[in-house]
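Structures incoming, each one as structure tokens.
Look for chain A in each of the two complexes below; its partner is chain B in the first and chain C in the second.
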Partner chain A sequence: MWPNNALIDLFKAEIQKAWSFPILEIAVGLIAFTTIANIHVLLNISTQTGLLASFSILISDSFFDSLYSQMLFLSIFCGVLVSLSFARDYEQGFMQTLLSSPVSRSVVFLVKFFAVILPLTILTWVMTTSIVFLNFYSGSSVMVVIEKALWALPVIFIALMFCGGFAAFISLSLKRTIPSVLTVVLAGFSIWYISTVTSDVVGNIANYFILTPFPVPLIALSRVFGRVVTPFISLGDFEYVLPTWVFWVLSVFYALVFLVPVYVYFTRRFEIRE
Partner chain B sequence: MLFLNASSEHVPRSYIYTLGEIPVNVTHVYVVSIAPVGPGNISVGYFRITGNAPGLGGPPSELFAESVVLPLHLLITDPANRTLFNADIVTPDFFAVDFNTRGDYLVYLTNNGNKSESIPIGVQFGEGNLQNREFDKYMLSVTLTLIGVILIVVGVVKKLVAKPVLSC
Partner chain C sequence: MTANILGEFEGVVKRFKEIGALNGLTFKIYKGVNGLIGPNGAGKTTTIRLSLGLIKPDTGSATLLGFDCWKQSLDLRQRIGILYEKPAFYDHLSGLDHLKLMAKLKKLSDPLGESKQVLKLVDFDNEAQYRRISGYSAGMRQRLGLAHALLGQPELIILDEPTSNLDPLGRAQVIELLNTLKKRGFSFLISSHILSELEKVCDHVILMNGGIAVRQGMLASLLSEVPSGIFRIKVHPNEPIVDLLKQEESVKSVTPVENYLIVITYNAHKFQQRLPFLVARANAFLEEVKMEGNDLESLFKIAVAQGDKR
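What follows is the complex of A and B.
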């Protein structure tokens, strides 16, 4: 089914609303800053036969370190934008207008959700890939950068889907802008903080913190990159026992765990109260 | 932001890489991929270096090194395939190179000795040498920062000039 004009107009309007000044500028600035701050200096010695493998490691490390640094900011930023999109529109009465239009509830929900997720994913991916490419530019590095970038794209998308789904759940539950935004910010920090708690502090239970939503997509990406050591190594060796597919399945699970129930609720049970 | 990053980005002081043994009369090629980071040394035959390599400036300190002694033929070319050094040497030794181009510097080693050996290759830079930063990134940062400053000043001036006109 091809999207009609109303769908495209609604999507454009939602993007303009969600990414109005200075939101886009702040996002661009912070993504660029975190990427540049984590790019490794180009300095590598290898043999001619081992050059691609060496570059692969350097570029993988730069991609991973950049995304690891960006993930906290991106998750909170995404959560705040989705909260604003749902809760603010509910408070200001725009939700009522949208739901009484000829567009279906399903389309309204998906448009509002992906008007935040898709641009943020593309913006992060394009900026990170461009900066890594410019830093490591040489004849040998182009295909390596493209290969790593193609794996980074779904990871960014899946990670932001979790943040957006969680934020939609909070904002449709609380239906108030400020409490929703504050709750999302606090929850985002808490989820990140859990992944930094080591076994020295809480004992062996810290081993299982690598299965929380923050580290899971990053570990999945590190496995694809062939990176053995991740920042989560301080949480214990449990990470190395689990096969790679576990982290990918968990990533997709987290992406849908809030999104699907909230979508069903919005399309079937959600009511506007005066 | 970019100026801050590029101005603080300093290349690591020493980086050494060792491959397996080079058989007698065989040539191996090492690739040094590097950004334009200014003057430094390429070392041949040093497994570990502590202290300032000769000719790099910085505070004087006693050079401590683990090395291997072997006669070699050494050829170094820059990313534009210009020859920087081409002669017979005896390791260990340092060779001054101005890394002024981003790309791959090729180091060809031919073992002229009578036994197979591992030959480490390294790059060294002076401690605290302000020249040893990624020059192209630094210039881009300066340019973008200046453009940003100009835009901000123009915006502020326009706002200040427009105000009295609107209030009349």
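What follows is the complex of A and C.
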């Protein structure tokens, strides 16, 4: 059923609250910075080597590489915003007010969660697409950029659902703003550190279990559209052995692995105690 | 359930880990103004949260307006209003916009009209209603919270410390407003520490201590039970004199409450005569003696004292 006006207004109010000054400004600045920094390097390489014919391939790779370069920032930023939305509201008494108003707990949870996830997905997607498009428009096919842009949307969404679900889980467990934010930042940094700085063996294991929310939907989409997109982080043999449907199932699994238990807890057992 | 009863708590128990917040709470809420009073830690806030379905009882049953407070809390929340001690809002919205949003969530037919109506009722229909809530003073937030609680003419309005953030003038206005609303047929459950103010509006009183209702009933009836000859004395040190007072024929009971003693006497005159001797015998210093009046505060102190003795 299409949500009524009251729920749309509630969603709008929650978005305005979650993205009030200076959150939106910081997000735009950081996403733009990481994307530009990434694209600029690729642009220099392609110009200096004179490989203009390879521009389309560069676009394919650069798009997802660009997103990869943002994953550390995005996962942490997403986690912090979700923590603020749940833990801070609990501490300041606003969660109590919302749960005392005549809306179901399901609505409160979903409105608060997606008020962070949806704008962040759209913001990341629009910024990355625009900057890649502006950089490469003159030298390549517009269709290639659009195609990759469309693929990127569900990939970003699923990755952020994973990060946001984890942050909601932490926030509603700890119920304190600063410990929740610190835990989420620490977890995000640990994922980045283990998967990029430590040895190949540990890094690969970490990639399988932690960073897969990003490459899994990417591979699933590649299979469906018959395109080969090499994820920045390889899934190794799994990538070639497993059938397509497994990647779809895995994509849904990663999106919901934290979200569903937290949702069930919030709607059935969550209590305002302080 | 008779038509006059709006809610009923029956043997409600709620524990937070090892601490029993409610230990078999039983009371009824009637049409009119119900006062929920008790010392800090008595379980008043837990009771209010449980009423709204924010806390699930371990055992016992809690119903308001015929709805189970936990299982049917959504239906219940459509029909009641709530003002918390520290009301929280969408601070980036204006007061009017916040109320409009809440009126829509309550599915009211005319959200703007109803919002303006309750703002007028709490004397907040000025230019401040168009300003962002983040710039409001504590008193303005309290008024807005009260307006929020009144939205949609709820069958029961729960107020948790409604005057705590207000100056004396604001308090008097709120008490006056509550009396006006009471005459219009609104029913309230009010938790407050300011007993003298509650006394001006309450019809029924529930006295809580240690997670149970130690006294409940019509205010007039409870006040008539307050025995005469209750003294509040402050003595240093108070331990030696407690034993001496307990041996006195004129003294019924002695209970330390905070830094003073509540003494209930059989014979007030004889007690007043004997007190200086007892103080001297105890080698103590008498700081204050006050005979308690026939009011809610005295009732509260006696109930707390009796609750402590149990």
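Operating definition for what follows: the second predicted complex is superposed on the first by the 199 of 274 C-alpha atoms of A that agree within 3 Å, B and C clash if a C-alpha of one lies under 4 Å from a C-alpha of the other, contacts with A are read in each partner's own complex, and residues count from 1 in each chain.
Criterion: a contact is a pair of C-beta atoms (placed from the backbone, for glycine too) under 8 Å apart; a residue touches a chain by one contact, two chains touch by 3 or more.
Quick caveat: nothing in here was measured; it's all calculated off a predicted structure.
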| item | value |
| --- | --- |
| Chain B versus chain C as contact partner of A:S106, first or second or both or neither | neither |
| First (chain B), second (chain C), both or neither touched by A:G29 | first |
| Partner chain in contact with A:S190 - chain B first, chain C second, else both or neither | neither |
| Touching partner for A:F94 - first (chain B), second (chain C), both, neither | second |
| Chain B versus chain C as contact partner of A:D9, first or second or both or neither | second |
| Contact footprint of chain A on chain B as seen in their complex | 1-2, 5, 9, 11-12, 15-17, 19, 28-35, 37, 102-104, 121-123, 134, 137 |
| Residue numbers on chain A that touch chain C, as the complex places them | 5-6, 9-10, 13, 16-17, 20, 89, 92-94, 96-97, 99-104, 269, 271-273 |
| Complex contacts: residues of chain A adjacent to chain B | 29, 32-33, 36-37, 41-48, 51, 54-55, 135, 137-140 |
| Contact footprint of chain A on chain C as seen in their complex | 16, 49, 52-56, 74, 77-78, 82, 84, 86-93, 101-102, 104-107 |
